[in-house]
Every structure is written in C-alpha cells, then in structure tokens.
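First chain A sits with chain B, and in the next complex the same chain sits with chain C.
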Partner chain A sequence: MGREVSESCIDGLLTEMVSSYCNRFYSNTPELAARRIEAIGYQVGHQLSERYTMERPRFTDHLEAIKFICKDFWSELFKKQIDNLKTNHRGTFVLQDNKFRWLSRMSGDPSVENGTQDPESKAAQAMSMYLYFPCGIIRGALSNLGIPCAVSADISSLPACSFVIRIKV
Partner chain B sequence: MIVCVAVVGHQNNPLYIQSFTEADDALKLHHIVHCSLDVVDERVNNPKKSGLTLNETFLGLLYPTENYKVYGYLTNTKVKFILVTTDLDVRDADVRNFFRRFHAAYVDAVSNPFHVPGKKITSRTFAERVSNIVKSFGLSSAG
Partner chain C sequence: MAPVAPRSGDAIFASVEHVNAELFTLTYGAIVRQLLTDLEEVEEVNKQLDQMGYNIGVRLIDEFLAKSNVSRCVDFKETADVIAKVGFKMFLGVGASVTNWDADGTCCSIVLGDNPLVDFVELPDTCQGLYYCNILSGVVRGALEMVSMKTEVTWVRDMLRGDDAFELQVKLLKQVPEEYPYKDDE
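Showing the complex of A and B:
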C-alpha cells in the first residue's frame, strides 16, 4: 500500500526550509545555514535508505550501492533515474540529472541577467542553498549503507544538476 | 516458541533485546545472542565456505544449541536481527516471514524523527508490534 505525497507540498516545504535557515536563523552565516540544511537531508537519507533497501540482497561493493542510489532510490524520490553516472574508479562518482525535479521550477531573474557578473553569482549562490538538502540525502543514504563520503553539487545549466560523491577511504 | 529477539547495530551495539520467557533466564539468552554475533561475522566474511550466495539478508540457522535454535538476518545497513527459538522443527519460510515483518517494524521505528540513530529503540509501539509478531510466529503453519 503506497502512500502518496503531495509534490507541491514538498516543493513548498523545501523552499520554506531553505528561506528560514538562510534568512532567519542564520542570516549572517550562510555556511552554518548550509550545514544545518545538509544535516536535515542526512537524517532523511539515513532513514529512507533503511526503508528502500528492505527485501534487497546486500551490496557487495561501492559501485553497486551507488547504482542503487542512481536507479531505485532516485526513482522513489523523484520518479526518474539519474541520467548519467561517471566514475574515475578511484572513489569519485558524478551523478548527473538532466532535469532535477527540485530545480525544474526555478529560473534566474531575467531583469538582472544582462547586468554585471555580480547578480548572477548571487543567484547561483541562492540556488546552491537548495542543493544542500539533496546532497545531505545522498550522504545520509550512503553512510547508512556503510560508505562514508562527501557529496557536493553543482549546477551546469539550469534544470540539469550534477552531484559529486567522493568516498572517504 | 520464540524466547528472545534482538536488534544489534553495525558496531555490534545492542539496539533492542527482548526475551519472552517467564523464567529468569534473560542473562542466558543475552549470552546466546552475544555468541551468535561472531557466527554472523563469520558467515558474512566467508560467504563461500558457508555456502551463502547472492548476499541474501536472511542468514539462516546460525547454530543450534541443546535447547535452542538461533537464526540471523543482516540488513543492507549492517544491522543484525537475531531470533532464538525453542521450537525444534522450524520451517524456513516461517522464519523468513518473521524477519520480514520484524524488519518492517524496525524500519518504521527508526524512521521516527525522535529516534536517534545508533541509540536503543525505546518506542513502546515498536515493542508492542514486536510482541505481536512474536505471538503470531508459526501460527500460519499450524493453521
């Protein structure tokens, strides 16, 4: 029996969470706000990975666990799989999503687009705050599967987004 | 009859241990659970020797003692479930079914936002659910 989650509620919750942490609780220290948001994601990922790996044979290596994140885990969260997975076979994995759901409704402000470089980087910085939550989710899920790692995200062109996973040895 | 169930974390820290006997033998049962952890480690580290394939979560019968049978289950997140029973003819399917339901209960318990990962599970709902699962163990085969 699957339970349904309202997508717009999740979008609203995410927006509100990021704006609360960035503008109210830690308005002067964006690094601290980022860490708090990442920590929330970590807990979510930690719990979700427990649920989604039920009834599934144990993973033998890191690649299998990462594949699980790309396919099943991502499908459960975003109803689609990761579009591209790259690895250097030395513990770094790049997961690319060509239309990341949580960014699909975002756009830069067109009025400042033809201005100087400054507003653009500001927009990128604001946008990156929204990516700490999914980064935390990935890190939480992998740590629970016994793979300690660091996850960062970067936005190449707007709805596309890539997550870089560096496994700690 | 199931006499003891336990949840053991990935660092072999006890997360939940509960015995279901009238007698004062909790210590003995805890000792049995403790001993089984080594067997779990051995199974997982030498999958070829123990004939374990496909990395199944269900580890099967860990070892029989004079009065008890001990079964194990290891989740993807390296959490171990241990079951001690006095029944001598236990069907594998029953045990699998037990662990499946037990795992579902565990997942719901750790998804509680107030649960701290790695700490003991103190939820009363979880305890109740587990005792229900324990009570219904083996009933499907009898009926």
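Showing the complex of A and C:
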C-alpha cells in the first residue's frame, strides 16, 4: 500500500484553498475564484489519472474510461466506488456518490455566516465553490484519457452528490 | 477524574482516517503552481502559503489537543518536542526531531528527514526563492499562537534547495498570558 496521511490534512488544505480563493484573492469575482479552483482540480486529476493508468491498456471507448473513473479512480481517492452510473448513450454520464466524503466532512465556517445574507445561502455558496475542485479532478482525469468534457455537480439530494459529465463531440 | 495518559504520535496516526498521500501531495503541488500563476511574485506566494498554513494551524490545534491528550507543556522545550514527535506524526505520518537549542531555550530547530509534501517535486529554475513548504511553517506558527505562544518560524534547510533535510527554526517571541473573556463574578 502506498503512503498515507491523515484525512485532516487534505480536509484542511482544501478548505483553506477554497477560502483563500473565494475570500482573499478573488473575493469580488466568484466566477474567477471558481475557475481557479477548478483548474487546481484539473491539474490533480490529470496527474492522478496518468499515474493510475500507466500499466493499463488503452480504453477502447468512452464507457470503459468512465467505468474506470467510477471504480478504480474513485477507490484510490475515496476508498469507495461511485454508487450509481447513468447515461443517455449520447455522451452524458451521471455519476452518483451516495455519501460524498468531502461534503460529509465539510463544516461551515462560522465567520462567513455573520453577513447580511442568510447562513443557508452562504453555506450553499461555499459548498458549490468547494465542488469545483472534484469537478476539475474528473475533467482532468478524463482529459488525460483523451476525452474532452464538461463536468458539473448536483447536490439537490445531500449527502449524495452527482457529477454530470458531458463529453464534447 | 484521573488524567488521561497522553498518546503517542504513532498511536494517534494509526487511529485516524487516512487518505492516499498522492492526492494530498499533488493537490498541494497544484495549489502552489496556481498561486505562482495568479500572484506572479515568488515572494507573494511564500507569504500566501504561510498565511494559508497559519489559518490551517489555528484550526488543527483543536484536533491535536483533543486526540493527543497532552496536558499543559511545562516549557517551550516540551512544546517543541510534542510538536515534532506527536503533531507531525499524527497528521503527516512522519516524525520529526528537535535540535539546535539556543542557550536560553527559546529557539530550536525541527528537522524533517522525510516530508510527504515534496514527493515528486522538483523546482524549476524560475522558482528560485520559493519556499515550497512554507505552508508547514505557517501551520506551526498558527497552532502555537492558539496556545498563547507567539513564534517566528523560518526555513534553515530545504531539500528542494539541495540541503540534506528540512529544518524549521522555531523562535519563541513571547508567551502571551491567557486572557479570559469573562469575569469571575459573571
């Protein structure tokens, strides 16, 4: 088994990365903060997928590559597989993780909840910012496998989280 | 209630949830890279990494105190020892050692031979001046400030700069007496 660190390390790092980009560097332009967070995820996904596919034969089609993300790739990152995979067979795939680890461990930052906006919407906003990171990871991983795509997240049924992948043709 | 015995760094590390260190290392690398692109100045990146570490340290100290059962350290010497042997171990899975004490016991070095942050990392020539691991010095400073110790933490040796180990110099500036936000009669 490879080297491991405490989960608090990655939790602390991600929380701080998101908060630095949203509250310090791009506090007035959330869309820029989102793009940067996604770009960091993309970089990570790209490198991880490179490492995890080194010893494998090339994937013959999109579905095979997506299944790799759902099983092996997700297991390396979260020690579990994606729970449900759906597709319309026209280039859209929905990957559902019933208990997405990074959301279940996320705690709201009380300091951002003192503003005029109600805490619910602030917390939701922080969460959606946070999700640009795993979306970027998936996009980076698939891009490394030669599949350009767009990835978004849907958290309408928490703690489940669905990632919607739209392959560009 | 009988005091609970302090736990060793190894025991705590064995009991916490773990993640793949590759994910952590690559994520940190991607953050540093993005900061270099966005902030342009290496000096500014050093500063921001330190600030991010400080904010993390401020939060991490709670988990450290809760899980380690360490009681109040008698002096700065003991504090440094606990950080190196328990703190580093329980989060990063690697132990550190404490050396180079000055005569009055207010300045020492924490030495890391193994550092998961730098696996796969090589700095290009354009990053001269970057303290890649500056987040760590921030974490130590932030965590110590939460237990009333103002410190200055600087890198003395850095393997990414060709040294044989990572050496963090921790200098105690002042010990702030604890102030309570309430009065006795309230």
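Here, the second predicted complex is superposed on the first by the 151 of 169 C-alpha atoms of A that agree within 3 Å, B and C clash if a C-alpha of one lies under 4 Å from a C-alpha of the other, contacts with A are read in each partner's own complex, and residues count from 1 in each chain.
Heads up, the rule we're going with is that a residue touches a chain if its C-beta (ideal position, glycine included) is under 8 Å from a C-beta of that chain, and two chains touch if they have at least 3 such contacts.
No experiment lies behind these values; they were computed from the predicted model shown.
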Task = Assess the superposed three-chain arrangement around chain A: do chain B and chain C clash, or do they fit?
result = fit
Inquiry  = Looking at A:R58, would you say it contacts chain B, chain C, both, or neither? Reply first, second, both or neither.
reply    = first
Ask   = When the two structures are overlaid on chain A, which partner does A:S6 contact: first (chain B), second (chain C), both, or neither?
value = second
Task = Applying the touch criterion given at the start, work out whether A:Q43 contacts chain B, chain C, both or neither, answering first, second, both or neither.
result = both
Task = Using the touch definition from the top, say if A:N144 reaches chain B (first), chain C (second), both or neither.
result = first
Contacts of A:K168 with chain B and chain C, given as first, second, both or neither = neither
Message = Quick check on the superposed pair: does A:R90 touch chain B, chain C, both, or neither? Answer first, second, both or neither.
response = neither
Task = Check the contacts made with chain A and report whether chain B or chain C touches more of its residues.
result = C
Ask   = With both complexes placed on chain A, how many Å separate the closest C-alpha atoms of chain B and chain C?
value = 5
Ask   = What residues on chain A does chain C touch that chain B touches too?
value = 43, 47, 51
Chain B partner contacts - residues on chain A that touch it in the complex = 43, 46-47, 49-51, 53-60, 144-146
Request  = Would you tell me which residues of chain C are touching chain A in their complex?
outcome  = 13, 16-24, 26-31, 33-34, 38-39, 48, 51-52, 55-56, 59-60, 63, 90-93, 116, 119, 135
Inquiry  = If we count contacts the way the header does, which residues on chain B are in touch with chain A in the complex?
reply    = 10, 54-57, 74-78, 100, 103-104, 106-107, 110-111, 113, 117
Request  = Quick one: which bits of chain A touch chain C in the complex? Just the residue numbers, please.
outcome  = 2-10, 12-17, 19-20, 24-25, 36, 39-41, 43-44, 47-48, 51, 76-77
